[in-house]
Amino acid sequence: MTTTTPSTPVARTSRPRGQSQFAVAWGQFRKNRLAQTGGVLIILLYLMAIFAPFIAPDGLSNYSTSNITKFHPPTPVHIRDPQTGAFTRPFVYQYTQQLNLDTFVNEYRPTNQKCPIYFGVRGDSYKILGFIPGSLHLFGTGVDVPTCKVYLMGGEALGRDLFTRILYASQISLTIGVGAVVLSTIIGLFMGAMAAFFGGIVDTVIMRMVEVIAAIPYLFLIILLRSIFPKNINPILALYVILGILAFISWGGLARVTRGQLLSVRELDFVAAAKSLGASDNRIMIRHMLPTMTTYVIVGLSLGIPATILTESGLSFIGIGAVEPYVSWGSLLSQAQEGGLSSLNSRPWVLIPGFFIVFTVGCFQLLGDGLRDAFDPRKRQ
Amino acid sequence: APFVYPAAWTAEQNTANKRGGEFRDYTISDFKTFNPFTSAEATSIPLTMGAGAGLFTQDPRNDEFIPKMADGPATVSNNGKRFVVKIRQGMKFSDGQEITADDWVTTFKIHTDDKVGSNSYDSFFLNDKPITVKKINTYTVQFDFPAVSATAYATMSYTPWPDHVFGAAYRSGGAEGVKKLWGLGTAPAQIVSPGMWVLSSYRAGERAVLSANKSYGDWNKDSRGQALPYLATYSYRIVADLNAALAAYLAGQLDAYGPRNADDLAQIKRAIDGGNLKAYLKANVSPQASSQWITFNWNKASDPAKQKLFRDVRFRRAMSHIANRQAMVQLALGGLGQETYFSTYPIFKNQIDAGLSAGAPQYKYDLAAAGKLLAQLGYTKKNSDGYLVDKAGKVLEFTLSTNAGNTTREQLGRIFADEAKKAGVKVNFTPIDFNTLVGQLTAKGENRPFDAILLGLSGGDNIWSFGSNVVPCGTNLHSYNNPTDGKCATSQEQLMTKLFYQGDAELNTAKRLAIGAQLMKAEGELQPVIYLVGGSYHVTYNERVGGEYPTNLQNSYYLSRDTALTFVK
Amino acid sequence: MTHQGETLLAVNGLKTYFYTDDGVVKSVDGVTFHIKKGETLAVVGESGSGKSVTSLSVMRLIAMPPGKIVEGEILFTGKDGVQKNLVTLPESDMRKIRGNDISMIFQEPMTSLNPVYTVGDQIAEAVQLHQGKNKKEALGVATDMLRFVGIPAPEKRVHEYPHQMSGGMRQRVMIAMALSCNPALLIADEPTTALDVTIQAQILDLMRKLQTDIGMSILFITHNLGVVAEMADRVVVMYGGRVVEEGDVVEIFKAPRHPYTMGLLNSIPRPGEYEHIPGQPKPRLEAIPGNVPNPLNLPPGCSFEPRCKFAVPECSKAVPALEDTGHGHMARCIRWKEFEQAQAEVTA
Amino acid sequence: MTAAPSTYTGKDRGMAAKGDTLLDVQHLEKYFPIRGGLLSRVVANVKAVNDISFTVKRGEVVGLVGESGSGKTTAGRAILRLIEPTGGQVIFNGTDITKLSKAQMRDYRREMQIIFQDPFASLNPRMTVSDIIGEAMQIHNLHPGKGRIDRIAELLQRVGLRPEHMRRYPHEFSGGQRQRIGIARALAVDPTFIVADEPVSALDVSIQAQVVNLMQDLQEELGLTVLFIAHDLHVVEYICDRMIVMYLGRIMEIAPSRELNTAPKHPYTEALLSAAPVPDPTVKRQRIILEGDIPSPINPPSGCVFRTRCRYAIEECAHTVPELREVSPDHFKACIRDDIL
Amino acid sequence: MIPFLLRRVVQSIPTLLLASVLIFFVIQLAPGDFLTPARLNPGISEQQLANLSQNFGLDRPVWQQYLLWMGNMLRGDFGLSFQYTQPVLDVIWPRIVNSVWLVLLYIVLFYAIAIPVGVFGAVKQNSVGDKAVNVVLYFLLGFPSFFLSLIVIYGILLLRNKTNIDIPLNGMTSDNFDSLNAVQKVLDVLKHLIIPALVLAVTDAAGLTRVIRGQMLEVMHADYIRTARAKGVSERTAIWKHTFRNAIVPIVAGIGGLLPAAVSGAGFAEVVFAYPGITPMLLTAINTSDLYLIAGFTVIVTILLIVGNALSDILLAVVDPRIKVG
């Protein structure tokens, strides 16, 4: 018996297509409820950010200088008529305010004026993703009573709707986090690959740079770097600057790992195999070595993003992140904390942006951890 | 004979002669040095130590200078330019050395040595001409001013630092010798004070503790002949920011606090009402001694259209009409503040009143009026975005900057920009880095790098309440027009410059107020700078301390108490 | 040929399953065998046939979850002479047996020693645990044990860390550790697979010597038939979690009754057996076709059926029973009698 | 070389007659530097391959055996220039390939291929089987277009896999199957010479024979020349024509397979043969058990590297490095003693 | 040991130099200088500004300033702080010591929380407890430390009002610190340190917990743990003696690198809790462009990092005998 052909494959439910690494990881990931929840919530958060102008009842910076609504409290939404108790169209009451010169508290009281809430009302015009124009809002009080407004999460220092601002802020908080990490990943991969590939002086220079950046505490470095750029640049440019700085200070770790990984992958048999087939160095780098970083990169991204969101919030908190008219959750919090104790005990709703940070970072962590586990080869046979 | 603190300076007499105890104050920035010649902070150890030491002191009841370390009024001669002052005898430094004329002369010399870099350097010059200080004998000093000065008494009231410490170092080591002395590392025991307090301990970034200078009590008595101060200790807690200070105050860890706004007041009131804090609280005691304003750049060679616009008085008046000061007070100041229209701080009520009665104009919030003025400038049409355009279709717009991080200013700017939009003026409001902003503001030349800046000033005195660096042409903070040659661009500016020097040299208060009123009128009409709003000054302190000024004397200039008369109940 | 000693360990109908995300892995599915005192029993089989799981089940070191001993008994007579069922023994009693009555050495000498403790400490740990000796005495025992397994300069080596030793040396340390409490049974799970032939020879030699000295039983797990031939008294052949053949070592090699065993014997090269005459096609090995079965998805009948060249339709119907073919030689094949006949013919 | 045939002829590709020298390895050396010290200078060298010379004839299968760490893999890879040799020459088909530039070398890569020991590490886990096998064709632009898929399918069938396996990923295969994929990859460029680096050591006993047989079939059908690396003498004994025994980076003995197994002339070969267990319980033989471990290749013993474990060692062994000399036809050994074995 | 440490020092010199160049460069690029605020002071004349600028050496070219500073630094002189007109080292040293105390306590707490929780998670992998702890930690991880600090300060304030317990709100010492004896002083400082350190530790511990849990799980499957169990050791010994010691090896290796991150991380808490550490002073220094102070801080912290790395190498050698330090 000399046949070398195996008999019919033994006990293998043959699938038509092969299972790539990603398919396997996805299978693992599907089993992790927490991570999936995190992932779904993150998708919702991003949808919220994209459609912020539509979901928000108001414009980012709308307030009135005649009808002062500084720190307007959240308005409860009623769905029953107070007299009849019957269900009606949802409505909120209009509030009046008065500075109590005895307690120095600006007192808000609901009036009897009902502001009905309509869905799909016309209001402030906007552009979704910068090009889809619209003026339709998910909900609002319409135009019956111009001074009527819904404050789902209260108002802030100038009386602007906090809910609206949180939604708009999510656009910046969520993009800066992702943008900076994506950028630093690209830089890190590139630098790491350069170092591993060229070795010698290039390697030394890059690794020294990594060391130097790591040696200066990141907070100091960010503040220093930000101070190079004039603050009067276009606010949107300022965001890119912060994004760039965040990316600049954080590529080191990845570069180091990439270099190490590539150097060790270089010793692996499948690279030797490609070399023996006559593959060029470029091909080996791009087809064989860099892809080994994908797992690390995916996990790194999903764990780096929350870290960056946190850093960004910290920077905005100390005033070098988002600047008016743009807001991020961190800068909203910074504005909140200027009120000191009052923010905590007389208008706690200004802290809501903080919980958005906590929530988002938490979700990202769950997702990132789930991905890490899913890609963990130890979890597979 | 000792100096006797008038009984009227305190609302509550320390009849029980309570002595000892500690007054717990705070500061939001750490101390940088103990050296009086290199110190530059608003709250500093030398400043605190030297409290009560000066030839003259201003009486809060009538703003007059009365002799403190001087043994009597100065002898004035040479057309009011020479002052010969006799020094009170028997005064000692905290180390027991007698305080003599040498100390004044040495202190003066060191302050005016440019290598020392003293912050007080400029105060010894009048219009770039130096004052001279001469010792006549051990107990007599002579001051010679280059010109007559209304602020001569304030100038002479600097704190004398010990010649036997600084003079010795200066003579042997020059400026460097002086600068080396009294760093933060210096042992408190080596530090000598002529004033009420002397340093007893310091922990970097946390706390400085000063104790009463025993020698001070020898020549300072209360109206019943008791030595002052009553307190044994005066301490500073160094806090991160005012929120932290408020928290500490509410926790009973500090004896006084300067409430900023309605929020602070509400917190304190709530703590008091809740029985957690026994404290005195009075809101709106007086306006603040500061201003917030918008200045337009007249030196914009690169953009002649803008330069022309900014130099047009109608434009500036329109801008004043646009400033919704009412909303600013309500939103940015929480309702506790007042509208301002002049460079003189509202606290200097005498001057303001004089100006108003002389007909100094106020261009109040009135968008319609603004619109009319702008129409006169050729801005009659609005484009699709609602902005005014000129005939060429160019939008009426400019950039307004302020320093990032100052919430109040950011809100003022926001409101200004938003109101401007209603009037069809496009204001690009950007908070920028403080240093950059100041660089732009103080830049000199025909083409200065900004459109408009929103900023504030504080400092100055109630004798002649116009800034020497602000009003005259060619000075640093003549912010709207600062060309290379420093020349005035308008006759009003020339008039204002003239009036400034005239008032500065006028010793008669009434006459001085009248000159000031003319100045205000010129300024109001020219509207070189749009003044916006000013906050209110509030007073609160823990009720365990007494000895504060009577309520009518408390204000943002004299504050709420003289520490000499403060005691722990 | 077999020792007439009493039974030390009897495994009856042992079933150890792993409950994984992908399904239940029946790693050990009704394994029965026994070891007598002083005897060496070899367990052979391919990778994944359940050899290690069987031995770990005896030690009760199966990770739970996902593993679980679902059925069967493991009867063991310890030093105290009392027979216990290790499957149901409380954990604390089981700990007293591990390392004391039953010891184990593993395949990978490089990774089986804790890298952060000296070898002395690691040997002494077992001694301290089971013999109530203090640290110093235990280290003394450790030194003696190192000397016993032929490590030069044991006084010095006892203070060295595993990374300072070569693979063969470490396997000696493992043996020293296993023997430090004079166990009645030594389970050796592929103790030489990771070693070079020359070192393997040293270790096998050492084990044989020690067994004679101490008189313990050895459960020797391997997939190297050469090693089996050298070491074993009796052999258990496993395939797909089941015992497919069991018997005296000579019987198994000379008269295998299961096609898998036969295939295995045919597929190993024998030194000097193949003469290559230049110009002629080279001789070749006989190979068992196909792949090792997926433990998640074993065939319903005989697990070797898909690869078996003697397979008949009945083979896939039901799992054949382990039948006694005489002289304590058991086989799990419905056609064993035919093989016996065929062999008889060949010999005749 | 002409364009590769689309099917195997099963014979020599007619460039030279079978039997002439295809590969001539001359004084091959590979040192791995060990860096250390303040400036991370080279402080020592691992002499993984230390001056080895041998030839392989066209169509021949040569075994390279030795214990782990003896330098077999290093030698194999240095011959293919997968690692740059430190010294010596590798003359392939008359050309010294150690002197070739990278670009020139690429052409030679089609001629020489390698099969790896570890069936798990040698296949890129991110590529499908067709990508893995097709890569070589892509690089050398062989069988462009539709033909490539057919060729891959054909190769898969040739190594005993099915064409539908093409779309799968390596982790979906067993070790034996992976090894077949590795072989198919090596065959994709129609090489003349293959280095098989312990292709079966990591496989199950029952699978080993399958793969060995496959190798053997392919070798015969394609007329391949093979350098078969192994640490187990028995596995290679019958597949190889000749065998080379290595120890600590040096060659100890070269001889025809059978002769080496039955009448070794070097003490190390003798010990190696004796140490291998015989799968026959009735054979009880006396074994030569070598004392101690293999010395470190950083600091190998002077003279003959085997002398520290050799039972025949004499004083002289420490001083001279024994030359590889022919002691009988086609039989070489590196030992100064003729009076033994 | 000594040559090893020497080598570390030698290798870190270029890093230090580059870091200082970077800092200098960046500060110079930034608009304005130390005297900018003075320009806004109505009381300071142009003449005076020129004097000051000469006094501080700000009129010289950057490279001269840098070389001068570098040369002096090699002699242990870090230059004069503009703000303090004092030697930089005198000014920053107490701050660094304070920060190091905070960071040390933080690190201790950080490990004290992360290790048991991580080990628990690994031992009781996938249990309800493990999952619950995880979720809690995830969300703590989401708290920016300044945000948590704010909430904690508010909580303390409430607690103080409710209970009259004297919980310190901020700072490092109590008002009566100078009158305390040595033991009381230590306790007093500890009392002030504990809350910021705890806030920091709690927000960060989740990350390490995950690492420890993962490490433990990995080591728990190692062959030598099976060996230990086969010896009959108890569960506790298997986990703490055999598994844990190995699991912490990579963590120990990272301790040194933790320092700069910890110094940064502690920065926010230092600011919010008005702790007299590095960051508040540094922020002021940056705002006032106090060149030598910033550079001094950076150099010292970089040195700290190097020391920390050397320390973790030594520690690593202690826990892992495979590492040879020498």
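Some observations on this one:
Each chain gets a letter, A, B, C, D and E, in the order it is written, and its residues are counted from 1.
Assume contacts are C-beta pairs under 8 Å (C-beta built on N, C-alpha and C of every residue); 3 or more make two chains touch, one makes a residue touch a chain.
A quick note: this is a predicted structure, and the numbers were derived from the prediction, not measured.
Common partners of chain A and chain C, by the touch rule above, are D, E. The chain pair with the larger count of C-beta pairs in contact, out of C-E and C-D, is C-D. Greatest Cα centroid separation from chain C: this falls to B.
With centres computed from CA atoms alone, E is the chain lying nearest the middle of all the protein shown.
The centroid of the Cα atoms in chain C and the matching centroid in chain D are 32 Å apart. Between the Cα centres of chain A and chain D there is a gap of 54 Å. One inter-chain figure worth recording: chain B and chain E are separated by 39 Å, centre to centre, where each centre is the mean of the chain's CA atoms.
Look at where the CA atoms of chain B average out and do the same for chain D: the two points lie 89 Å apart.
Annotation for chain B: residues touching 2 or more other chains are 247, 250, 433, 436. Residue positions of chain E touching 2 or more other chains: 30-31, 157, 271. Residue positions 2, 4-6, 9, 227, 230, 337, 341, 345 of chain A each touch two or more of the other chains.
Taken together, the chain E residues at the contact with chain A in this complex read 14-16, 18-19, 22-23, 26-27, 29-31, 131, 134-135, 138-139, 141-147, 150-151, 154, 157, 206, 210, 218, 221, 257, 260-261, 263-265, 267-268, 271, 279, 282-283, 286, 294, 297-298, 301-302, 305-306.
Interface residues of chain D facing chain C in the complex, by the touch rule stated above, are 67-68, 174, 176-177, 204-210, 212-213, 216, 220, 231-235, 237-239, 241, 257-258, 261-262, 271-283, 287, 289-290, 293-294.
Contact residues on chain B toward chain E in their complex (touch as defined above): 22, 24, 29-30, 32-33, 35, 38, 40, 114-115, 117, 119, 121-123, 125, 128, 179, 183-185, 201, 203-207, 209, 235, 237-241, 244, 247-248, 250-251, 253, 271, 274, 276, 433-436, 438-439, 441-442, 457, 459-460, 467-470, 476-477. Touching chain E in their complex are the following residues of chain C: 56, 59, 61, 95-100, 103-104, 106, 108, 111-118, 122, 125-126, 129-130, 161, 163, 174, 177.
Interface residues of chain C, counted against chain D in their complex, comprise 46-47, 166-169, 196-202, 204-205, 223-230, 232, 249-250, 253-254, 263-265, 267-276, 278, 281-289, 291-292.
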